[in-house]
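Look at the two complexes coming up: chain A is in both, with chain B in one and chain C in the other.
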Partner chain A sequence: MQPSMTHSVPRQPGWLRAFGLMTLVLFAVGTVLALIVSPPDVNQGDLIRIMYAHVSVVWVGFLAVLMAAVFGMLYLWRSKPVDDVWAVASAEMALVYFALAVFGGMTYSKPTLGVFWDWDARLTLTALAFALLVGYFVVRGLIDDPQQRARVSAVVSIIILASLPFNWMASEWFRSIHPSKSFDVTGGGINDTMAPIFRWILLFNVLVAALIFVYFLLERVRIGRAELKLETEDAAPAAGEVIRV
Partner chain B sequence: MFDSLGHWGWVAIAWAELLIAYGGYLFYLNWRSRRVRDEDEA
Partner chain C sequence: MTDLLYITTLARKDFLQELRSKAATVATIFFASTVLLILAFALGPSQAALTNAAPGVLWVALAFAGIISAAQSYQNELEEGAFEQLLMYPIPRATIFLGKLLANWLYMTVLGALLLPTTALFFKMDLSNWPWLVLTILFGTLGFALIATFYAALTSNLRARESLLPVLMFPVVVPIMLAAVRATGELTRSGNLGWAFDWLQLLIGFDLVYLVVCTALFHFVTES
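Presenting the complex of A and B:
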């Protein structure tokens, strides 16, 4: 009998471990496709290989913000602590992917456009979203009451989500050093000016980044649920209160 | 400082950023998991 198992993070289920290993293998395949199989671009040469990493993390970063805001809204609606666990796990991933988007974008921009950074609409909105994500965690660190912390951070995540449509369209609406989208499935049709081999390698790497996001999210939620259980049971042991998580 | 960097140098930096971020987050998850276990045992 192991009494500590009632609180501790339970063992990682076999299917999640298998899923993690599968994403690792797919990441290796995506890297080989991007670095070896992909031909150089006629304009960018080998720098096109940065595009596979950069675009995939940006798209998944948007997905992570969307999920943080959706779970934030769910928390505001029904006040279930587990929704906050999902929201904060998604927000952590959004922070990671937006950091990659900003620094990867600079790494792509310098050799292709000659500058690391320019305060145009697209880049400024991305920096703003990144700063708001940092703010999300600063706010969480400043509020002790779990319910108030979850409510305030849910509102912050909704504000970040509200900025994303402007970010997505910024390079079409405003003058920008950031190139327009060569592959876009929004707006009711497919705008595809990309050669098929580049497109398929990009889509494969987007899928891999999304699977990595899902794996990290599930793992983070698993740990978060154990933390929540520990917090709630420690908070009200004498009253014998049962708090469903 | 970066003027002497060739295309493959930039490509290596961009992909290394991914590896560092993913590896770092895995490390963070492991630390967080161990912290819960330690708190539980305390």
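Presenting the complex of A and C:
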């Protein structure tokens, strides 16, 4: 049998490269905004700057989990391998973002609250979501058959999405003496009591985090699609090729 | 309602099988007793410490038991190749899930009924609100059995399934464990029924949502 040709990674298309560069520039702008332009907070001083990196990453992380579940549902519905590529790309980004979120949260917690971990509701929810995503990738690593792997991953991602509201409720009520009848989903004062300058810089950094997510998602999907093409090409030799025994 | 008949038949089969083989029963009773003993030694003999820890001890023991029984419920069939035959019957896949769920749930509630007085004795729990405690155990074990039965099916033909099941389950059952422990605590310590009802509502909500979600997704888990 003819040995297969070595395949190189296809070149990144121009528009994606431009999008990546633009995102990098915006990231630099966001960093400058957060570190220099933003005034120090009345209560927390310069520590408020951690908030820009932490909150933006958390919000986009949850968006990534949502997208992984949506693509999982899409795969279960129409069984197209490319849906699984989108799902795993979103999940990978979610994993990275949640790891950053937990790390950022602990970094934020030590100087402001004095301890690295104090069972704060939002940070507990983030840590649980991270644990769920680790489980997602452990399961993926144990299944060799692509269709079964895609199907089982899709199911796990849907369960992950379903568990987030309950984990949120549990984390919120864990700290209080008793569960409250209504719960506050705005993140506790971020939208209410922040001065406008903080809010604008935060929203800009959230946008930057989202753009970084989109860029890496598109790049990962591009590579995943190339891998899919490779699998189907290797499985069926090109027409006219003679197989020598 | 032939679906109901399928479910109860499957549940009876699993339950009878477990009664006769006692494979999971021995392991779970041993685990539960070990948990109770070690925690009693660690926290006692101070009355206050024991009473405070009692709800947690009860649910830790129940959780261990639930995981073991759920994993076992698929093992027997897989080893004999009977699971594929079960899947080939012309019954909805969901009934297979609900049948196994019913068996696991029944098993956990029986264990709960045994563990509650034992824990109450060793850890000085106040059982005056016992009807509500029974409800808490029923809904808490249902939620746990839901996730355990579902994930056990998912991991049943994977390598390292024994260690994978708790890894996958733990973040999902955190709300159930928290609500169950807190409800038990409210019912046996402060006697504040209002707060216990709030936790029970979380339990019931969890059970309903996952009953629907897991039943709907079970079909995809068992495709090969």
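Definition applied: the second predicted complex is superposed on the first by the 195 of 245 C-alpha atoms of A that agree within 3 Å, B and C clash if a C-alpha of one lies under 4 Å from a C-alpha of the other, contacts with A are read in each partner's own complex, and residues count from 1 in each chain.
Keep this in mind: contacts are C-beta pairs under 8 Å (C-beta built on N, C-alpha and C of every residue); 3 or more make two chains touch, one makes a residue touch a chain.
None of the values given here were measured: they were computed from a predicted structure.
Participant: Contacts for A:R17 in the overlay, against chain B (first) and chain C (second): which applies, first, second, both or neither?
Facilitator: neither
Participant: Thinking of the overlay built on chain A, is A:E227 touched by chain B (first), by chain C (second), by both, or by neither?
Facilitator: first
Participant: Check the residue A:L100 against both partner chains and state whether it touches chain B (first), chain C (second), both, or neither.
Facilitator: Once the two structures are laid over each other on A, A:L100 reaches chain B alone.
Participant: Pick one for A:A131: touches chain B only (first), chain C only (second), both, or neither.
Facilitator: The second partner, chain C, only.
Participant: With both complexes overlaid on chain A, does A:T31 touch chain B (first), chain C (second), both or neither?
Facilitator: The first partner, chain B, only.
Participant: Based on the superposed arrangement, let me know which partner A:P111 touches: chain B (first), chain C (second), both, or neither?
Facilitator: The answer is first: A:P111 touches chain B but not chain C.
Participant: Can you list the chain A residues touching chain B in their complex?
Facilitator: 4, 7-9, 27, 31, 34-35, 45-47, 49-50, 53-54, 57, 92-93, 96, 99-100, 103-104, 107-108, 110-111, 212, 216, 219-220, 223, 226-227, 230
Participant: Which of the residues in chain B end up touching chain A in this complex?
Facilitator: Touch list, chain B to chain A: 2, 5, 7-8, 10-11, 13-15, 17-18, 21-22, 25-26, 29, 32-33, 36-37, 39-41.
Participant: Sort out for me which residues of chain C touch chain A in the complex.
Facilitator: Going through chain C, the ones touching chain A are 150, 154-155, 158-160, 164, 167-168, 170-172, 174-175, 178-179, 182, 186, 192, 194-195, 198-199, 202, 205-206, 209-210, 213-214, 217, 220-221, 223-224.
Participant: Tell me, which parts of chain A touch chain C in their complex?
Facilitator: Residue positions touching the partner: 76, 128-129, 131-132, 134-135, 138-139, 142-143, 148, 151-152, 154-156, 158-160, 162-163, 166-167, 169-170, 173-174, 177-179, 181.
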